[in-house]
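Take a look at these structures.
Across the two complexes that follow, chain A remains constant while its partner is chain B and subsequently chain C.
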Partner chain A sequence: MRLTSLVWKELRERPSAMLTSGLTILLGVAAIVAIRHVTVHAEGEVSRQLATLGANILILPRDASLQDYYAADQSGKTLPEEHVSEVFFAGLTGVEKVSPKLSVPAKLSGQAVTLTGILPQSEFKTKVAWQSVSLFAPKKHDGCQRVKSAADEDQSPESLVKNRSIEQLQKSEVVIGADIAQRTGLKPGGKASLLGEMFSVLAVLPATGTVDDGRVFAHLHTVQRLAKTGEVVNAIEIVGCCEDAAGDLVPQLGKLLPGAKIVTISQVVQTQVGVNRLIGKTSWFVLAVLVTIGCATVAGAIAANVRERRREIGTLMALGATPRFVSRMFLLKALWLGLGCGTAGSLIGIGLALCLGPLWAGVAIQPLPGLSILAVVAASGLAIAAAYWPARQAAKLDPCVCFQEV
Partner chain B sequence: MQKLTRLAFCGMLAGILGIGTLASAQGPATRTPELSKAQAALAGAAESGKFAFIIFYKEDAAAFRTMAGNVKQGVETLDGKAGIVFVQVTNPAERALVERFDVSRSPMPLTIAVAPNGAVTGIFPKEITAEQIDQSIVTPTMTRCMKSLQENKMVFVCVQTSDKNFIPVAVKEMQADPQFKDRVTVVSMRLRDPEETRFVAQMQINPQTTTGTTAVLLAPPGVLIGKYPATATSAQIAAALHDAGKCCNDPNCKHGQGAAAQSNTSRRK
Partner chain C sequence: MFRLENVQKIYSRHGTAVTAFQCSSLSVATGAYVAILGPSGSGKTTLLSLLGGMLSPTQGRIWLGEQSVYDLSVEQRAKLRQEWLGFVFQTFNLVPYLTALENVQVPLCLAGEAAEVQRDKATAMLRRFGMEERLLHKPRELSVGQQQRVALARTLVSNPPVILADEPTGNLDPESRELVLNSLSECHHEGKTIVMVTHDPVAAERAERTVQLIAGELRDGGETTAMRSVA
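Moving on, here comes the complex of A and B:
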C-alpha cells in the first residue's frame, strides 16, 4: 500500500477528528482572506481619493457630519447659496472651481433616486472674470493661480465624474448616474420625469463605484424651485489649484465663512485611514489567534490520532515501515488538510469580501490571487508545523512496546 | 434720537441720489428711453468719465445703511471722480442690471465699482472701507487691462521709457500668431506718467533702472505671467504662458517645482 493510499484511507475512516481541525483552518483562512481583501481595497480607495481629490475642499453646514466625501451633500443640513458668491468675491488664491450641491429625494420611473442640484461652471463666467480685480489688489497673492484656458478643460458632461463640476447644463436637462441608467434604461436624449417636471437626459455618467452612480444631476436652481428649498445648498465643493493651495485656503475660508465647516479631502479620508488601520491591526490579531487555535487543534488532532493508532503504527513498523515513512504519513495528512481547507477557506473569504466589501467599506473588491495563494501556502505550512511534533513522536514508537501494551 | 438718525439718513440718501442724478444728467443725447433709473445713472457716469459705485441691496436694513454711508463718505473724498448708483435687486425695473452683474444670489448689500469703460474694479460684499473705495479708483491703463482681462483676453502692457510707442517684435509676433491673435490686446503706457505711478509700482517696475520698452504680460482671470525686455522672443513668452497654464509655479507647491525651475522670468501673483 502506498503512502498516499494510507493517508486517504485514514482521512476517510476517521473524518470527525479531522473535520474539527479542518474547520478551524477553513474559518481562519476565510476570515483572514476576507479582512485583507477589504483593507487592501479600502487603502487603495483612500489613496485614489487623495490622488484625484487631494486639492478639493468642502464647505458644509457647521453641524453636518461627514464620513464619505462623495456623500457630503446628503446630510440634510443646508447653508445659504450666497456663500458661493462670497468665495468668488474674496478673490482667494488657488480657487479653480466652485461647485455647490443640493440633494433631495425623488422618484424616477418609480425608483427612488437622489436628485442633486449643481451649478454649471458657465454660470460663473462673470464672477471668474472679476477675479482680475485681485490682480491689482494692494495685498498680493502668496500662492499661485492658474491661467484659465478653455482648451485644456474637458467640457463634456461626463467630466463631472473626474472634475467634480460640469461646464454646461440647461435648466431642463439632467445627467444621470450609471446605476440609474442601468435600472431605468435611460439614454442620452431620452426623457425623465422628476418631481413633476420633464427633463431631457444630457448624458449618462460612467460608473464610479461611488454614491454618484445612484444620482440624477440637474440644475441647482431647478432643484431648489421644485423642492421648494429656497436659495440654499447642502455643500459647496471647491477644487483647489493644488494640495498646497487647498491647505492655505482652509483658514482663509474659515475666516470668510465663520458659520460653515471647512474640510479638506485629507481630513475626510483621515477617518477612513483610521478605520483601515484599526481593521488592519485587528486582522493581524485575528490572524495570531487563529494561527494559535489552528495549530493547537491540528497538533491535538494528530497527537490524538497517534495515540489511538499506536498498535497500527507498531504493526506497520514491524512489517518494515521506517520511522521516516511513519512520520511522512502524518505530515502528508496535515498537508492535505491544510491545502484542502486552506483553498476552501480562501474561496469563501474572497466570496465574503466580494459580497460584504461594498456594504461595509463602500469599496468595490477585486480578488487578489497573490494573497489567496499565500493564505493557502501559509495554512498548509502551519498544518505541517503543527503536525511535526506528533509525527516525530509516532516515528519514535518502538513496535515491541506497542505490542506489549496489547 | 432714532427719528433724528432716520432724518439724517434720509438727507444723506437724498444727497447720494443727487450725485447719481448729476451723473445721469449728462449725455442725454445717447441715452435710450428704455433704460432704468440705475442704468441711466450708470451710463451717465460712464459718459462723463466717472467711476460708479453700484450698491445692490435687498431691503433698507442696517447693513445697507452702513454701507451706503461709507460709500458716500468715500466718494466725497474722490473729487468728483465717482458717483453712486443704488439698485434694489427685487425691483423688476432693475432686473436687466441685476442680471448683467449676476448678483441676484449674492450676499447683500453689495457694492461693485465700475470704471467708465465698464471694467469692474472692485467688489465688496456686506461691508466696505474708505481704503477699498480709494483702491477701486484705478489708473486709466489699469481700467483698460481689467476690461480686456474680463473679456477673457490676454494683455501686453508695453511700458515705454520714451514718448515713442514702440511695440516689441515678440509682441507683434504674438499678435500675428493665429493661436493668440484673437485673444491678445496691446496697451501702451509711459513709465513716467504720473497717473500711472500706482500701476508701475504694482507691476514692480523700477523707473530708475528700466530702459527701453518692457512688455508685461497679463492673462485671465488675473495672472501676471511675466515681464519681458524688448529683446525677448515670442517663443520665450509662449513658453512662459504654457508653463502658467500648469499647476503651478508656487515654490511651495510640490506639483510646480519643476515648472518653477524652468522659468525664472515668469512670476505668479
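Moving on, here comes the complex of A and C:
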C-alpha cells in the first residue's frame, strides 16, 4: 500500500463528498473549452471569409438589416433592378463584377429551398457589346493586378462559390447547392421542378458551410417571372478588383444610388469580428467566475474533508505519518480531482463545440488538443492551489486528536 | 525508558487556565508495565499524549531513552513514533475505508516498507490474532472485539519497543478484554515497555506498577498485588 492507494481508497469510498467540486471543475472546464473552440474557429472562419471575399461591396435596400454576409439577400426587402445597369454603366473605377440577387422561397422535391435569381456575367458582356461603347465599361484600377488570381479566370459554374458570379446560365437551367444535391439526390444533367416549371441542373456547387449550400440558383429574370415580383432584386453584390478600389467605390456608389444602403465586406466582417471579440471577452469573464467558484468549492470540499477526518489524520500521525505525508494526501486528492474532472470536462467541451459550433456560430470545429490539455493542466494546478491551505491545516493538526472519542 | 522533568501542561482557553497535567519527576523503566489510574478529567490522556510526542508541554522536558522528545522537530517526532511507539486506542481508530489487512499495513506503509513485506507481515500478525478469515473485511463489517484485534495487530505489526494504551478495555466485553490484557502481558514478557491508562481496576491489576493521577498530579500507587504475588 502507498500514499496513492490510501488516497484512492478514500476517494472511492465516498465519492459524493467530492461530487460538487468535481462537477464544478467539470462544467467549468467544459464551458471554457467549448467557448474557446468556437471563438478560435469563428475567428479563423472570419479571416478565411475575408480572404475569399476580398473587396466585395453590397448594395441593399436602405431598411435591410445585415448580420450574415451570405444571407444578405434574404431580408425580403427589394431594390429596383435598374440599379444594376446604373452601376454597370456608371463606369466606376475598380468594379470587376456586378451580381444582383433575388431570393424567394420555393419547394424542390417537397423540400423547402431558397431559390436565388442571379444574372450571368455573359449578359453584361452582350449588353456592353450591344452598347458597343467601351466608354461605359468599367475602368481598371491601378492596384488590381496584385490580387488577380487563377480563381478569377475560372469560368465553370462551380466557381460561383468563390467568384460570387457565374459566366453562363440559361433561363431553363439551375445550379444547386451541396446540401440540396445531397438531400434530393440531384446530379448535373438531372431535372428539377421549381415553382411549377422544369429546369435542368447545370452544376452542383461544392460545399461551403454557408447558406449557399441550401440555395438553388436560377436566372434572375426567370425567378422574377415565376415569383411575380416585377423587376426587382434583394441585393446587388459588387466584386471590387481590390481592397483599395472597394474603399473608393463606397462614396461613389452612395452618390449614385442615394436610396440604397452600401456596405463593404470588411464592415460586415467587422461586426462579426466584434461579436467574436464580445464572445472572447465574455469567455474571459466566464473563466474568471468559474475559476473563482471552482477554487472556492475545491477549497471548501477539501477543508470539509480535513474536518471530518480529524481523528483519522491524528491516528495516522500517531502511527508515524509526517505532516508532509498528511498534506500530500489532500493535495494528491485535489490533483486527481483536477485531472479527472478536468479531462472529462475537456472532452465534454470538445464534444459540445463539435455539436453546437456549426449550429450557433456556423463554423465547423476541429478539436484543439493544445487548448484542451492546457485547460486540464490549469484545472489541476488550480485545484492544488485551492487545496493548499486546507492541506496545510491538516498537516498542522495536533496528533493527540486521535485520543478524542468520536 | 521515559523520564519526565518538571513537566506541566496548561490549557488556556477563554481566559481560564486549566492545569491538565503536572509532575516534578516520573520515570518509567525500560520493560516496565505501568498502569495509570485516575478519575475522569484527571489528565491521563494528556500524560499519554505528552509521552507520545504529540503534545508540547507548557514547561519541562520529557526524555525517551537518551532523546529529549520536544527538542526534535515535528517531522523527527513523527519518525520517532513510527520507530518507537505503538498506540492502543479505546475506540480502535481503524481507518474506515480500509480493509483489516490494509489497516494493519498502514504503519509499515508509513515506514516505507515494500508492498510484499507489508502484506506478509500484516497477514502474519492478523493470523496471530485469529483474524485470518477477515483480512478483506472493512471495520464496519467486524464486531467490536474483532475491531480491537485488528487494532492490536496494527499496533504490534511494526514491533515497537514501547506501547501506549488509552483505556484499551473501555469498550469491550469480558472475553475481548481478556484478549487485550493477555496481549499486553505478552508484550510485557517480550520486554516491551507499556504505559496503560485505565479506569478498570481489573486491568490495572495486570500491570506491575500503578500510578494515581488526581487533578493533574501524580501519586505513585506502588506495585500491584499481581506483581507482589509474582515477586
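Note that in this section the second predicted complex is superposed on the first by the 374 of 406 C-alpha atoms of A that agree within 3 Å, B and C clash if a C-alpha of one lies under 4 Å from a C-alpha of the other, contacts with A are read in each partner's own complex, and residues count from 1 in each chain.
One rule holds for everything that comes next: contacts are C-beta pairs under 8 Å (C-beta built on N, C-alpha and C of every residue); 3 or more make two chains touch, one makes a residue touch a chain.
In this text the structure is predicted, and so the values were computed from the model without any measurement.
Of the two partner chains, chain B is the only one touched by A:E86; chain C is not.
In the superposition on chain A, A:W284 makes contact with neither chain B nor chain C. When both complexes are overlaid on chain A, the residue A:E231 reaches chain B alone and has no touch with chain C. Touch counts on chain A: comparing chain C and chain B, the chain ahead is B. Look at A:T315: by the touch rule set out above, it reaches chain C but stays clear of chain B. When the shared chain is aligned, chain C comes close enough to touch A:P323, but chain B does not. By the document's definition of touching, neither partner reaches A:W360: not chain B, not chain C. Comparing which residues of chain A touch chain B with which touch chain C, the overlap is empty.
For chain B in complex with chain A, the residues that touch the partner chain are 101-103, 105-108, 110, 120-125, 135, 138, 142, 145-146, 149-152, 199, 202, 218-225, 241, 244-250, 252-256, 268-269.
Across the complex, chain C is touched by residues 1-3, 6, 9-10, 12-14, 311-312, 314-325, 398-400, 402-403, 405-406 of chain A. Of all the residues in chain C, the ones that touch chain A in their complex are 45, 48-49, 52, 54-55, 74-75, 78-79, 81-83, 85, 87, 89-91, 93, 95-98, 102, 105-107, 109-111, 115, 118, 154, 158, 166.
Within the complex formed with chain B, the residues of chain A that make contact are 81-86, 89, 91, 94, 123, 126-138, 140-141, 143-149, 152, 231, 241-245.
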